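Two complexes come next, and they have one chain in common, chain A, joined by chain B in the first and chain C in the second.
Presenting the complex of A and B:
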């Protein structure tokens, strides 16, 4: 990138308009073509059909229905998945309640810890299989599934295993007690990791769970059910049921549930809040975001561009905390846009199972349509579109890494969560204006700040209304680090000691 | 026959540091011990005015040092102590016995003092430096949620009101409180203590009248971030929860027993109205 900066002046036309990447640049980049490096999947056993994991057994759905899950990179059907209806939800909640009363609430905390350690270890042992499955079912690059999703899921179980028998130390002068049965509904962007984020703290605190993975990505959660079987957890402590939004609604609305934890869109989160209205159910919501990634003129720009790329193109931008609004100080706007455009040309878009792939497949046809529709609104609003110039596979769901310049706060692409690899670039002049624009959405999940001046960094970070602030970095996660939103991005934290609180009753 | 004609007090709303009549011009007549009092009946517009006052006051309150906020809460306890007789008399006007009124006011003053001392401890109790696996400095600290709507306990007396409003104030939030229908007397007396403490205008706003009129508007207001709901019947709670979902408010419900002195002195009461912010920074050369 240093070289890129040096050559900037040379490629910049006299009229001052953005030069972006020239054909000569592209030719240089293409000279670095990599040979295919596909991850083998032949050892990965996938059953043709999966049932519901209820009470420690695999049960056919009472609904009698199954749906298919496909590989979004090829549109091929992978397996048939049971669709749980209200009767199946009832059975799963009943199994979780029975397990809570019969085993789990009586289980010594140190034993709970050991079960969780077992799960953590089994995830690590079966990590390759899980990574390939995650990539095949969801479309994410294998290098992300392998290096991020799966190891972090294992670490999450390991981290919370250690808390299970130390809750009195986490919440002194309270008598931490479990809540009972937790209903947990998770999204399709990090299927296994979200399952770990939900199940690990719930079990550590002594609750039993019914987990519903997303309709388009059920396979790794079902593989986790196998791991839980292997770990010999008492039957019914973890129940995993598959289905659509209707299944999730039935689960959140079930009378036998003491706690509802949801990760997904703000729209559905509000519906879940209404479904829980007037009940004694405890609720935590981890919802959408429209994070500002603020780049000041004194930032290390090459590092910032890496952070911008990671912030918006990681996992195809299917990230609730994605840095989807780039707020760049006016004086460095053109430099940043040019560096970003050039860096984007080096992103390899394509086969998620190729170990060199940076950007994989869009998770579903529906999501692709949503991304396309919002990006078109950017065109219609008069914003300027820049994309990665690359070939896309003929089949599957794909979207080129994209950014728009000339975006203003009122544009839809600056307000609505796109949940795809589309970045909106806005400018600001003063720090106050940056903070004002950053906070000017109903969301408040995450934010980024790039500046080499420490005092400025502290000041801006403290003024941002967001649950996670990445200073001179972006999209970092750790089991010990609490994650969750302000305002309409939800409430409650996952990760760290703070992530225990949603799963316990702590009063004197 | 009395030797002089006493000056009677109009019971008004407390918004933005001023005592104001309801913009609606409406009042309700409430029978006190030996007189009929006209109490301001807060309207939807009064709710909006109060929320605006609270939102305006929030940055100032939030950005003060926790030590300074603690001093101001302590000043409130001082004002309540010096107005103890007035507060007791107000509780008696609302129907408490002499003994109950004294106990109630003492509890309220002592709880305020307890929270004054908690103000600059909260961040230390609930902050963490997180041992992340990587070259990053990672800390989590609590911050205020913003504007908190409070629906006060039903029972008469100041202790309930203090139990409802002091924890969010201690957490650097600003508050719009809907007082108990039954007891405008001690409500207004407490507001007078607040007005003469150094609590900045708009940090605490209190509406009298009927909670059935104002609470739904407070719960639905898009610039309110959280709700503390006391003594709600299931149907009322459901209505307020549904209204609160419009902007994902944090809703916390409390029952009468949560007012007990032991349960009152609990830092988690403040945590109900805090957000945890986690900040990452690379550590390296």
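Presenting the complex of A and C:
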């Protein structure tokens, strides 16, 4: 034993007895910090400029304009992206129409399945590359892109590939027919996954597609276009065009489109609904949410806290079904708040490409401003703010995981969708009050119920007006399970047999 | 009592097991793991000679690397306590003795107390007792508790580790309840397993026990340590347990004062990993002494 070792501080148990101490107590000398564990990205080839994928070819935009996409974690420019204007939209819709008439509507269902299986396998094979790209372009932690976004995207293609030649079985006594050209507009929170949710059922049912990814996160959709190209899909069956909201509006408003599917904000969803009104276009919308996560006093609280953390901090809270309103029974409010606060301190916020990062970068400067503004309204309304105490990187867009206590239903942070890592904690006393408060919102996308009592769990779940209710868990997804909203969270379902319906005419 | 949802618990444990521990974090973590080991010899054929060799290994895990810490304790049967004590004389490595009709716990309380007293008299610094699972399953919780209290009393100055034998408890709710009970009865450590039955320690079980210990400290101000034992043979597993300790209870629990790993073959795997980190290549296991 060296002297140095002997002088290491002994640790006294609370009872004051020096019992379990050994001087070989190197553990305490310095805190055990995880070393950086960055996912390699050097092999990832990103072109300096991307064009539009129309009719199976990469075309320069008629608009002649490009915009840049940046890495929100560093604010560095990654690539230039073509901006499609109305003429480009017209060309894309024309290509989709031609492909529909020429190949796709005539393509035997089993062959459609073959193409979808091919895409699914390619996504799985290139999963690492897609995950890194998703993380770099959108700011999400690599572990989420790797373990959630990309595998689930592949699973959706596998799942709907299976349906392609079984539509008559899915809808008995009908002759299921495709609709034609589907215009699909997707958000920036799960770029590749949303593309899969949209494209897979559309193709399985025999439609052709024009997809527009979000302005801030086009790269994985463009990589998907490369995969589709390599899968040898007939040209024009899938067209991927990039641009801003104006491009989306032109696409949704195009007269050659038979079906519009939109995932995004309720505000834009309403505009699209107005544009589609009075036309023959079929429409599905998957919009915002302000989900209630209800925790009863008989819940498994440790796991409920995990569910709360997952519900609001998963993907930096950029989740339409995020559990952004925590309704906790008043008798366990303090213990839940304490456990939550403690748990939040272990969240690792920072470099999205680090495999140990739990919370990545906010997707854009604009979104960060919106989160800041709403959180400040929580302060101004007198709510109490709790945050993860951590250093944030100097560059990039970041927001500390946050929750507010002392929130009332009338506060803005209890009503408006923040779409960031900010949780509002409200209390209730009885199950009826919990249900009333949970349903007291214009939205209705998802909800969570935490109680160890099975009968109560089912009873509460059946009273909630939400498209998805998670019992003793949160944010669970499966291609076979339908997802969609009530009321201002939209209509139509994605996933499962239900997800075929928006893309099919199922009449005798 | 706080209930445990098995699905959520196992998910969380699996999540934590995915932490990527590389480079200096790995080296640092493995050194902590060594310092937390209760180097265990619990074979029927153990002899004073074998125990002496085990103790030598405990003091100097790797003669080629004198900077490594010694392990926390050597864990033996009561009859070998004096041999271990002798071999470890003058060092800070503790002698831990299993007691109370280990591993079954199926004997009278009088015998258990006598056995404990004898081990302590022979010089045991720590006693690893087993709870009466039969009484626990029969719902005689008060009996389980009073037995722990009695053994604690018999320990005198020695610290008491209470083995819950979680593999026989059946549910995580039971693990949580038994943890609670043992801590309230005066345990200095709660321990997963005897290592004699499977399943022994698992990550979710360790997580439940750490949460229970953390909550107990918050409520009572008294900190109780956690020991995982049984089936931990790989350095990687040891790091996963350290991650769970760190992220559940905090950095200051990463110390032999509050966390132990009961193991025998684990030590050599850690040494092998440390040499691999140093040289970039795995060495033959013949370079590592098998004591």
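The criterion applied here is as follows: the second predicted complex is superposed on the first by the 476 of 508 C-alpha atoms of A that agree within 3 Å, B and C clash if a C-alpha of one lies under 4 Å from a C-alpha of the other, contacts with A are read in each partner's own complex, and residues count from 1 in each chain.
What we mean here is this: a residue touches a chain if its C-beta (ideal position, glycine included) is under 8 Å from a C-beta of that chain, and two chains touch if they have at least 3 such contacts.
Fair warning: this is a prediction, and the values are worked out from it, not measured in the lab.
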Which superposed partner A:155 touches (first chain B, second chain C, both, neither): first
Chain B versus chain C as contact partner of A:482, first or second or both or neither: first
Which of chain B and chain C A:106 touches, first, second, both or neither: neither
First, second, both or neither for A:461, with chain B first and chain C second: first
Contacts of A:269 with chain B and chain C, given as first, second, both or neither: first
Touched partner set for A:35, first chain B, second chain C, both or neither: second
Which superposed partner A:300 touches (first chain B, second chain C, both, neither): second
Touching partner for A:473 - first (chain B), second (chain C), both, neither: both
Contact residues of chain A, present in both the chain B and the chain C interface: 472-473
Interfacial residue positions of chain A with respect to chain B in the complex: 155, 174, 266, 269-270, 273-274, 276-278, 285, 287, 442, 457, 461, 466-473, 476, 478, 480-484, 486-491, 493, 496-498, 501, 506-508
Chain A-facing residues of chain B, complex: 126, 128, 130-134, 136, 138, 140, 145, 225, 234-235, 237-239, 241-242, 244-248, 250, 262-263, 266, 268, 271, 275-282
Chain A residues touching chain C - in the complex, by the definition given at the top: 1, 5, 11, 13-15, 17, 19-28, 30-35, 37, 143, 298-304, 306-307, 346, 355-356, 452, 472-473
Complex contact set, residues of chain C against chain A: 2-5, 7-9, 11-12, 18-26, 28-29, 31-32, 35-36, 69-73, 90-94, 125-126, 157-159, 188-189, 211, 217, 221-223, 225, 242, 246-247, 251-252, 254-258
